[in-house]
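Just so it is clear, A, B, C, D and E label the chains in written order, and each chain counts residues from 1 on its own.
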Amino acid sequence: MIRSLGYFWELIKGSLITARHFVVNMWFHTLKLFGIKTKRRGAVTIQYPEQKKALASRHRSLQRLLKRQDLKPRCVSCMLCVTVCPSECIYVEAAEDPDPDIQKYPSTFIIDLSRCCFCGFCVEACPEDAIRMDTGKIDLAQSTRQDLIYDLDKLLK
Amino acid sequence: MACSKAWTRHVDEKILTEHFGLANLYEIEAYLERGGYRAVTKALQEMTPDGIMDEVKKAGLRGRGGAGFPAGMKWSFVPKTSDKPKYLCVNADEGEPGTFKDRYILTHNPHLLIEGIIIASFSVGIHAAYVYIRGEYEAVAQRLEQALAQAAQKGYLGKSILETGFDLDVFVHRGAGAYICGEETALLESLEGKRGHPRLKPPFPATVGLFQCPTVINNVETLANIPAIIQKGAPWFLDKGLAKDGGTRIFGVSGPVVRPGIYELPVGTSLREIIYTHAGGLKPGKKLKAVIPGGMSAPILKADEIDIKMDFDSLAGVGSMLGSAAVIVIDEATPILDVLKKVAKFYAHESCGQCTPCRIGTSWIHKIIKRMSAGHGEKGDVDELVRLASNIKGKTLCPMGDAASLPVLSLAQKFKNELESCLKDGSG
Amino acid sequence: MESAGMKIVIDDRPVEVEEGTTILQAAKQAGLHIPHLCFHPAFVPEGSCRICLVEIEGLPKLELACATAVRDGMKISTQSPRVREARRGVLEFLMADHPLDCPICDKAGECKLQDYYQEYGLFEGAFKEAKEKRDKIIKIAEKLILDRERCILCTRCVRFLSEITKTQELGVFRRGIHSEISTYEDAPVQNNYSGNLVDLCPVGAITDTEFRFKTRTWFLAQSESICPLCSRGCNIYVDYHPGFTRIPGTAKIYRIRARENLEVNGRWICDFGRYGFPSLEKDRGDKILWKKEGRDTIMSWEKILSLLAEKLRPRHRTKNTSNIAVVANTWMTNEELFLFKKIFKDDLGLKKIFFADPRPGSGDGFLLQAERTPNARAAKEMGLELNPVNLDDLSKNTDVLIIFGPFLADLHDPSSLKNDLDKIRTKVLVSSHRSGLESYVDFILPASGILEKTGSLTNRDGLVQKFSAVCPPCGDSRPEWSVLIELAKELRINAGYYSRLTQPEVILKEMGKEIAFFR
Amino acid sequence: MDIVIVLIKIVLALVWFLVLTLYLTWLERKESAVIQDRVGANRASIFGIRILGLFQPFADAIKMIFKEDFVPAFSKKFLHTLAPFLSFFFVAICITAMPFGNDIMVGGRTISLQIFDANVGLLFVLAMLSLGIYGILLSGWASNNRYSLLGGIRGAAQLISYEVALGLSLVGLIMVFPSLKLSEIVQSQGGLLFGFLPKWGVFLQPLGFIIFLFAALAETKRVPFDLPEGESEIIGFFTEYGGLKWGLFMMTDFMEIIIVSTLLTTLFFGGWQVPWLSADGFQFPWGGQWQMARWLVIIFQVLAFNIKVFFFCWLQILIRWTYPRFRYDQLMDMGWKLLVPLSLVNIVGTGLLLMVIK
Amino acid sequence: MIAGLSSELKKKIAEVVARYPKKEAAILPVLHLIQRETGAIGADEERWVAGLLEIRPIKVREVVTFYTMYHQKPVGRFHIQVCSNLPCSLMGGEKVIDHLQRRLGIKIGETTPDQRFTLSEVECLGACEQAPCMMINFDYYGDLTPEKIDGLLKGLD
């Protein structure tokens, strides 16, 4: 019983730590409030929409479809992304291109972002390097479900 | 004949080429004068078909087309009892670069061949023979047709030859420019009026051949040897050559030698002797680099390998082959890459396109060599050639795959250093 | 001579086979697959692809498995390093001349070349030269596209057309690396079996405009079924796409392929059957409707069946069934025809039983039959007379009419049909398809299409072939056998008997007890 | 007139109480943020004016008001609705007994800055706090969710356990300041001990203070003692609540913090008393004094009360953001095996001490 | 063109066809005969031959495209075929080709505008002993040198 009371001291120590943080941070906050610039800041928070952190080079963000030199989509609608997609958010319909070297192009290419889990498998699977997730767009919230359905035009932009 | 001079040159009097010097030997009268058709008379009137076959077997006559299969054996494979007609096909589709012996026989002494055909047909029981002659030999074919007509006139062909009741018709069939038709099954297909695609073996032509009937296919030179065997006997013939490989062979020598031409010499004559004694050695100022001993498909021999007996077994012993006994001499000034390029181009052009390794492999090899000779060779290309050639070798439907891969293999292996010096240096 | 068993050993597996068997067939018996591209069991071996090479003990060269007959005591190795190396070599050659466009190739996923590459290849391509350029989109038939770059010249197509259809529309032109499959001038492949070329092609060289670019093969569920479009009863594969959850209309049948059954159709099906499947999916009725006072009311199965039973039951009780007429068809399965006969002929004792079947077409002398209905034989075997519909007989003194199937509309012209049907008070239609009959009847019961139900069919030669459902029933529809059973239960005749018949298999067994033919 | 005055007092007290409650939510966010090197809520704005997120509570309130009023299926709708109101009510009523300052004279009237000065004020407060258990039990049961029910039962067990310690810890205090009247308790903390130390409860009853602090923290059901709720994993009694009703539970929580703070202030830290400040100004023990106007003194005192309350609110939030949760056996051990015996010891000790002094 | 076949040729063809147990087998000689008359085997000739031999035209086309000696398009009056294979090229076959190209002003595979000469490069002609050699129509010419070629060309016609 007595032995277990040892934690009371630890409790106090703990409070002192948090209190110290409070006091120190409060001090810098107060200084800032009065317009005094200090090297250290009271908080490490990044104020998101105004301040943005640089995205990692390997980040995955909104998909985009790449174009050929003649501005046709690079996609040959092989549907490997459709196959590999774990959340079944991609839908492709193919059509015949008059150019025999291309042959197949997507007449419909839909990514349903409300299902997308941004795993990036589609990018990995693509044999034509036609889809990438490097737009840097990560704030994708929309107010309707329909707005989250990205079609060929939107993805090619 | 626009250049009749060219048709006779440097002839050594022997079994086949004995009377080649005569300008009109192809006329039946001249031939009969020289003792022609005596063998036919002897065979048809004095011998039994089996007796002829035994004699030919004993004579150790091996096929002169390239593979060297004993001729007598080939005949004996044909079923004795068959309600189907049997056919003889004479392979005169001489397409192998370096080979021109059959042309000589056909032009100078067509009756010798006709005699051989009659005896062989009698022995096997054949009543129709086709001479498949390459399309380019139009003049030769005409001469043969003329000889056939003359023979028929004299009663050596047609119904009841020499009143023995034995019928035989011989037809000339011209090819139309496809090396592959020298392969016996492709020849059959071509003769049947189809694309010259080799057939799967078995069944062998001896049982299922032309028009699905038993068929014997022999080379011109092989059949041309038959009359001598019948007339002079197997021991005499065997004595001319080696124990298992009787008679003489017509060696065709081409390339930068003093006297290119054909030389009928006993089987087993050394290559050096052929080149230096008979063909007169290389032209002044040229130095021997290599020799292809048996037509383009034979693996090459380097200059220091020419002390070899020219017979099937000896050449097989050094990894080459006698083939059609066409000796192509290559001089020091010729880059091996050029030789390789010619070889590869020829086989890529002549592949029939039926089976995969030959169709794609030969063209692949040709593309690599073209690239190399255009100066874009890369490190490892020579090894790649060896690898590709070995992938073709032994994996194709017909022997053409081997024919295409063996020279490439031997060239790439024996002249590796020279070939690699043509590559871009560095890792390229 | 009695065919002596040949004892051979393939890959350490002893097998005993008949004389004349090829190594390939023997290996199949031993449960081994030897790769082959040009070989097809229906044709004489050609031996041109060179991928079926095997090693035979004692022979210096590798031999073809497709063309070499076994000899007693042969020891064969299909997987020795030499064999694998040779196959790899052949594959390397094939790949060197084959465009690596699997992503857009419709054969991908069921391509032999892909399969073999996975098993024997897996190398980095050593081919650095320029690939041969060839024509890629050649229309060789109304529905067939030839891609010469993908062609590996196995010539299966050529041989099919010369050996099976004997029409010889395709040939091999030129030679060597330039060899190519082609039609003569502008004479396309034009026979009723052209679709088989797609199945035959081991790679994606011949594709089918009906299937081309539509989907990828790995999305498809392959089901075994029976072609219902004529009385031959060809065995088929139906490739069904279960659909994308989010996109409506993606669940559908993409193609029909031939299934091997040497007794019935060999390895082929006709184009009429192959390309006829869209008609099975088109114009489907999927709602249970009662046209109460001219207004369509959507109903449930329980309600509509009890309504119907109420109309039929009193007549049955009073043995007054002469004013009931039924129209059946022979697109119904054996089980359905049996139940139909049981209920309407035996139990209700109806006299007015008619059959309305599709009009006969013309046969082609090979597989396609003039009789365009899959089960007429069964109806005959059951003792049902295939009386064609006579509208006068049908409508005379008839109060209740039950029509199975949509075919009545095709057989009679609309105005006389309407006139005669208007004389009947209660008209019921049990049909899988919309045909125009809907506007004349009061009750519409949607039936499942033939690919949506399980059962069996009897072909013209009397072969009973079972098949099972390819896809789920469309909308509210139900197979006719289940409709018939539920109706029988509602009628409360022989209730114990019908409630035992819960599955088509059970019904078939019951049929076997009663009709010797189906035993 | 008295009624008017009482009404005014009620309104003022409630406004004070509710505004403090609201801003305690803001404070909690901000304080935790500052402790954790963050910024905390600063987004809520009116026409773009943010002022440190001070509008956050209003945003929360609006959000909660507009959320769906959800009642689980098969639950008793009435009881389900009643529970949060009960909780809220019993805590809110406690404020009536709190003395905010000394009596003031307005227009010849003596007005105490306390709504209702019961002579059992302390017992009243304790009783009301205890009644809050009903809210918890009721919500747990009425939710028709076995996790909620378990949460409610855990809550009741915890609260009852700590109520004992809470009550006992104050016995010593009552013995020292022999009154249950909160105004009197505050008044009697006005003097000095040993001539310089304010005669605050904490100095007279240090052990009692500690026990009371722990027990009171447990009563608020917040983090180290949040077993009834345990939102992150064990799921508590108001799982099935949302919107305004859930908001009421949250407000109750914050109001309990305030009540506990006022109790701590009133009982142990001299309530509105300012050390050395008498009715006419400061009289420092080391001599010297500051004369002050009467109204200034009152303001000082009210201010002092507020500051003390505020401090304890701050302290409780600090504690909540410092410690991890107890395990249930530890909780029970501490309540029954530590705090109750200790408080008994405290009572006996205080009694003995008082006897000795008398 | 095919209608104008001389009766002599038709007789010859009938005789050739009779040599074979199956009519189809006569295709090669018949094509040779027709090509000699018409210069090339076009679709008309193919159909005619197919009709004659009771096979389908596609079979004729298969054969025509397989063998190098049949021309689908007419060649010049003098078809010069130069061997470029190994034995000939060892003796200077390439030089012959170069010379001919320069002399005739056409490349390999081309026909002179006056339709007199067509130049082809062929594989071995089977006259290696007289390398380098060439064939003008069906006549062989060996041991070629530029001077000899010039003389030959002059002597033609």
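Operating definition for what follows: a contact is a pair of C-beta atoms (placed from the backbone, for glycine too) under 8 Å apart; a residue touches a chain by one contact, two chains touch by 3 or more.
A quick note: this is a predicted structure, and the numbers were derived from the prediction, not measured.
Common neighbours of subunit B and subunit E, by the contact definition above: C. Connectivity of the assembly in the absence of subunit A: the other chains, held in place, form the touching groups B, C, E | D.
At the far end from subunit C, in terms of centres built from Cα atoms, lies D. Annotation: B-C is the more contact-rich of the chain pairs B-C and C-E, by number of C-beta pairs in contact. Each chain gets a centre from the mean of its Cα atoms; the one farthest from the centre of subunit E is D. If each chain is reduced to the average of its C-alpha atoms, the one that sits nearest the average of all protein C-alpha atoms is C. Taking each chain's centre as the average of its CA atoms, subunit B and subunit D sit 116 Å apart. The geometric centre of subunit A is 71 Å away from that of subunit E, both derived from CA atoms. Mean C-alpha position of subunit C lies 53 Å from that of subunit E. Distance between subunit A and subunit D, defined via averaged C-alpha coordinates, is recorded as 44 Å.
Looking at subunit C, residues 172, 174-175 sit in touch with two or more other chains. Subunit E has residues 59, 62, 66 in contact with two or more other chains. All chain pairs in contact, by the document's touch criterion: A-C, A-D, B-C, B-E, C-E. Per the touch definition, subunit B reaches subunit E in the complex via residues 2-3, 6, 9, 85, 94-100, 103, 134-139, 169, 171, 173-179, 190-196, 211, 252-256, 260-262, 292, 296, 326, 328-331, 334, 338-339, 342-343, 346, 349-350, 352.
On the side of subunit C, the complex with subunit B involves touching residues 45-51, 53, 61-62, 64, 67, 86, 89-90, 92-94, 96-97, 126-130, 132, 152-153, 172, 174-179. The touching residues of subunit A, counted against subunit C in their complex, run 76-80, 82-83, 88-89, 91, 94-96, 100-101, 103-104, 110, 112, 115, 127-128. Within the complex formed with subunit A, the residues of subunit C that make contact are 101-104, 108, 135-137, 212-216, 218-219, 244-247, 250.
Residues of subunit E touching subunit C in their complex: 43, 56-59, 61-62, 65-66.
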